[in-house]
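Here it is: the structure, laid out below.
Just so it is clear, A, B, C, D and E label the chains in written order, and each chain counts residues from 1 on its own.
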Amino acid sequence: MSVWEYANPRRFMAVSGRLLPWVAGAAALLCATGIVWGLFFTPEDFRMGHSVKIIYIHVPSAFVAINAWFMMLVASLIWLIRRHHVSALAARAAAPIGLVMTVVALLTGAIWGKPMWGTYWAWDPRLTAFLILGLFYLGYIALWSAIEAQDAAADLTSILCLVGTVFAVLSRYAAQFWNQGLHQGASLSLDAEENIADVFWLPLVLAIAGFTLLFLALVLLRTRTEIRRRRLHSLSLKARLA
Amino acid sequence: MDVTVTDLTCRRGEAIVLEGVSFVLPPGRALALRGPNGAGKTTLLRTLAGLTPPVAGTMPDPERAAYAAHADGLKAQLTIGENLAFWAAIFGTGRAEIEKAAMAFDLGPLHGRLAAELSAGQKRRAGLARLLVTGRPLWLLDEPTVSLDRAAVDRFARVMRAHLDAGGSAILATHIDLGIEADELDVTVFVAKSDATLRDPFAEAVE
Amino acid sequence: MNALLLRDLRLAIRAGGGFGLGLAFFLILATLVPLAVGPRPDLLAPVAPGILWLGALLACLLSLDRIFALDAEDGSLDLLAMAPLPLEGVATTKALAHWITTGLPLALAAGPLSLLLFLSASALPWLILALLVGTPALSWLGTFGAALTVGLRRGSLLLSLLVLPLYIPTLVFGAEVVRRGAAGLPVATPLALLAAITLGCVALLPFATAAALRVNLR
Amino acid sequence: MNALLLRDLRLAIRAGGGFGLGLAFFLILATLVPLAVGPRPDLLAPVAPGILWLGALLACLLSLDRIFALDAEDGSLDLLAMAPLPLEGVATTKALAHWITTGLPLALAAGPLSLLLFLSASALPWLILALLVGTPALSWLGTFGAALTVGLRRGSLLLSLLVLPLYIPTLVFGAEVVRRGAAGLPVATPLALLAAITLGCVALLPFATAAALRVNLR
Amino acid sequence: MDVTVTDLTCRRGEAIVLEGVSFVLPPGRALALRGPNGAGKTTLLRTLAGLTPPVAGTMPDPERAAYAAHADGLKAQLTIGENLAFWAAIFGTGRAEIEKAAMAFDLGPLHGRLAAELSAGQKRRAGLARLLVTGRPLWLLDEPTVSLDRAAVDRFARVMRAHLDAGGSAILATHIDLGIEADELDVTVFVAKSDATLRDPFAEAVE
């Protein structure tokens, strides 16, 4: 059986319905473990003090926010090339989640920024690129909601997503070029364990995994909602045309 | 070359309007689409013009067609002469066609007038002249005689006949009689059944 | 394609000074900024390159929404889509016409305007160069945005929402060229990046634009 | 007049988030400015009030051109002119609808945005107050400009050219209120002037707008 | 109340198109404007509607007139029901008129459809229904039957007759026969002489 079978709406509904509780449960478990562990069972950082603990929300949400866009990119490509309706709706479903994650990362970053840098906001390249990503999410969502015909909207937003990806990456690069920032480098990222004590690293990885699963669960849930919404749209259209 | 349409399914917006449209139109003939308001005449013409891709079925290459719709495609800020010259340049035809078209629709006196300053019927005449300028053999006409006075309708009928005699063909939707001999196609026959009007990919997934 | 370009330019002129309007907007904006932030040269000079670039962006933006909308309204767009020239060609020509009527005059007239904002004389050649190199990207991106929103009746705010984020790299590198030029630093890197963006846009975006137009026509 | 207001608001919402779009534009502008002029708080903070006001101006401007243009295109404007409600009433309603969809949300959302430009916290209430008091003038003036240009096909640049100079007093006093507020100086005078301008606009401009519409209809 | 027009001079843009138009139309009667394309029918109707002020002459108060032009005055983003309700609210009429209008033009099935999603003839029907909704006695109709199919034209003729029987009056410009008994007015008689078309105040000053 080919993978594309899952793009069949009925199969998708059946499989996602069965999958959803497990993914959601795993997400809850991992998030809870990671965050509780991070918040209550790690020492305080010698430089950042208590405030370091916000990292367990900040980094996972930022991670998900960025990768949500790439998931939308892949889904858009699948729609443009193979015309699987589910993937178009999955892209649509992911956008608001990505936006919320962006906002969460921005807010936690801002809250963290006050004790660390003495300001809520700085035009750090990292933060700027992130704000710009938020703008791309906004534009994408606005375009989806502005167009009445659903397939046309899927086509146009997919094209926008392709072009937008290129420019979001360019913007990130431009922002780095434009300002040397305050923000942490990749010192705490996954591939740089040597810079960070295991005590911080492990719960962080758990939290990131938890947030990713959370994202997955939400996308499944929202895709199901989008499918139903689309069905509703068709029905009301049919009622109108009848 | 025959215009052969087989089993064409046409959509408009999100709705499927016509299903299974089939006909053959030999060169030199006109086909009149019949059907009440909302039957799907405009939809069929737009599909044949290549503007809306068909959902299914085969149809001739839109490269051979010229389309005249309700909107005339005239720029209000340009004179009639400039408008025609523009379309001639775009379709790669020349001065000869422009003059022939202007002559056929008596556009001489309007040549230097801005399209914005014309009456409805004058504009429509210029819009029809554009058809001649394209030099295409298959004409798709959506209510071509709207706003035309009797003399202009006669003129148009003469132009049509000349086009057909020269081996061209035409498909036209109109509610009034033009006095042109034409095959008839009743569009109502092909109107999509209401349960097919929407190809909802999610229909079975939800219920 | 030549015919289309000529027609668009002629329309821009007939509809009331296509070339002049973008400029005038730029001028007004350059006047408004000192009024808004206060007329102190010490405040204005450092922000001048950025403000001038922003002005260019906005002047472009304001003329975008009509790139395809007018043609869609009067039926010309349908007919252009049927014409024997590819839609990609239409997109390129439209973008070019837009650049000639807004970007080009802006670049040429940036000199006198920069005086209003106390831009240093040494930065001026760089400003003009950066505008010449960068504004085509703005026009091509704008044409893409206009194609996305051609079916919508009140597109202009949505259009700016879609297009402005795409303008960011051009803005950053463009302003950077001028700032470095003013400070006497080497400008090769941002200038090269600016040129690369423009080239990429000119080469690739017409395909996206044509695809969006096709979706919107049906 | 109620019916007209409701219809315009409904159309703004149907056509894709009338309320949100103006805000999003404002947000983008607040992002673009630092990108253009450089990220230094010492540069940004003093120009912040002016830039925020400029942003409000431009967000208004971008939604102006369609105030009457759409109605003129589909024939509604002719019919409204024949209706038993005075054209002055139509003008007022249109301006009000425009303000509700752009000026009002801007004023309400200015708070978080001002953070991006390092506006001092003490200035924030004044910014919001000034926007609330000043933006109606922008909408009424813009409606007047839209009425002047309703007959023109490519009106949006010309419109901004006509309207922006009219915005100057509002801009100057509005920015002054915020600047003084930030510095802890008394704001009564500019605020009173701002209010006076708005009141004058709301009271008198509809007559000019209606006159312009009548000329353009014939 | 009679519709009395005396010595009306009408302009369009900068040109004077008609001069000395005079007629009297008693209540319950229709007047059909005749004349080839560009004669000035639309110009006369727009003047009577109060949209273009007359250059000279007297005409009835436009407050009594309802005008239906080529553009239907429908908002594409609103449903037909919403559109009619809007115009009813503007003209101060009520639910009864809306229902009567919808019935008269068989708009029931279209009530919940967006105007953007209608065919040309369906839109036109809704545009004509607006006339009934205004509740005004004098109808000014510019080619009202464009795009209508035969059944809809009959419907329209019936509505017209009912309107006239109820004491209303109508002035209409059309190139086709509606089967309504109407007085005729040949507009060509009043076409302004070409030396009068431009009342240039500087003409004598310069020459």
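By our rule, contacts are C-beta pairs under 8 Å (C-beta built on N, C-alpha and C of every residue); 3 or more make two chains touch, one makes a residue touch a chain.
Here the structure is a predicted model, which is why all the values come from computation and not from measurement.
Q: Looking only at C-beta pair counts, which chain-chain interface has the most contacts?
A: Top-ranked chain pair by contact count is C-D.
Q: Please name the chain that ends up farthest from subunit D once chain centres are defined by their CA atoms averaged.
A: B
Q: If you take the mean of the Cα atoms for each chain, which one ends up farthest from subunit C?
A: Farthest by centroid: E.
Q: How many Å are there between the centre of subunit D and the centre of subunit E, using C-alpha atoms for each centre?
A: Those two chain centres are 37 Å apart.
Q: Measuring centre to centre with CA averages, how many angstrom lie between subunit A and subunit B?
A: The separation of the two C-alpha centroids amounts to 49 Å.
Q: Between subunit C and subunit D, tell me the centre distance in angstrom, where each centre is the average of that chain's C-alpha atoms.
A: 23
Q: Residues touching two or more other chains, restricted to subunit C: which are they?
A: In subunit C, residues 11, 15, 73, 152-153, 158, 161, 164-165, 168, 172, 218 touch at least two other chains, as defined above.
Q: By residue number and range, which residues of subunit E touch two or more other chains?
A: Answer for subunit E, listing residues that touch two or more other chains: 70, 76-77, 117.
Q: On subunit A, where are the residues touching two or more other chains?
A: 132, 135, 138-139, 142, 146-147, 175, 178, 241-242, in rising order.
Q: Going by the touch rule stated at the top, which chains touch which?
A: A-B, A-C, A-D, A-E, B-C, B-E, C-D, D-E
Q: If you look only at subunit C, which of its residues touch subunit B in the complex?
A: That would be residues 2-4, 7, 10-11, 14-15, 73-76, 78-85, 217-218 of subunit C.
Q: For the complex, which residues does subunit C have touching subunit D?
A: 11-12, 15-16, 18, 21-22, 24-25, 28-29, 32-33, 35-38, 43, 46-47, 49-51, 53-54, 57-59, 61-63, 65-66, 70, 73, 152-154, 156-158, 160-161, 164-165, 167-168, 171-172, 175, 179
Q: Quick check on the complex: what are the subunit A residues that touch subunit E?
A: 148, 239-242
Q: Which residues of subunit A touch subunit D in the complex?
A: 119-124, 128, 131-132, 135, 138-139, 142, 145-147, 175, 178-179
Q: Which of the residues in subunit A come into contact with subunit B in the complex?
A: Spelled out, the residues of subunit A in touch with subunit B are 9-10, 12-13, 85, 149-151, 227-228, 230-231, 234, 237-238, 241-242.
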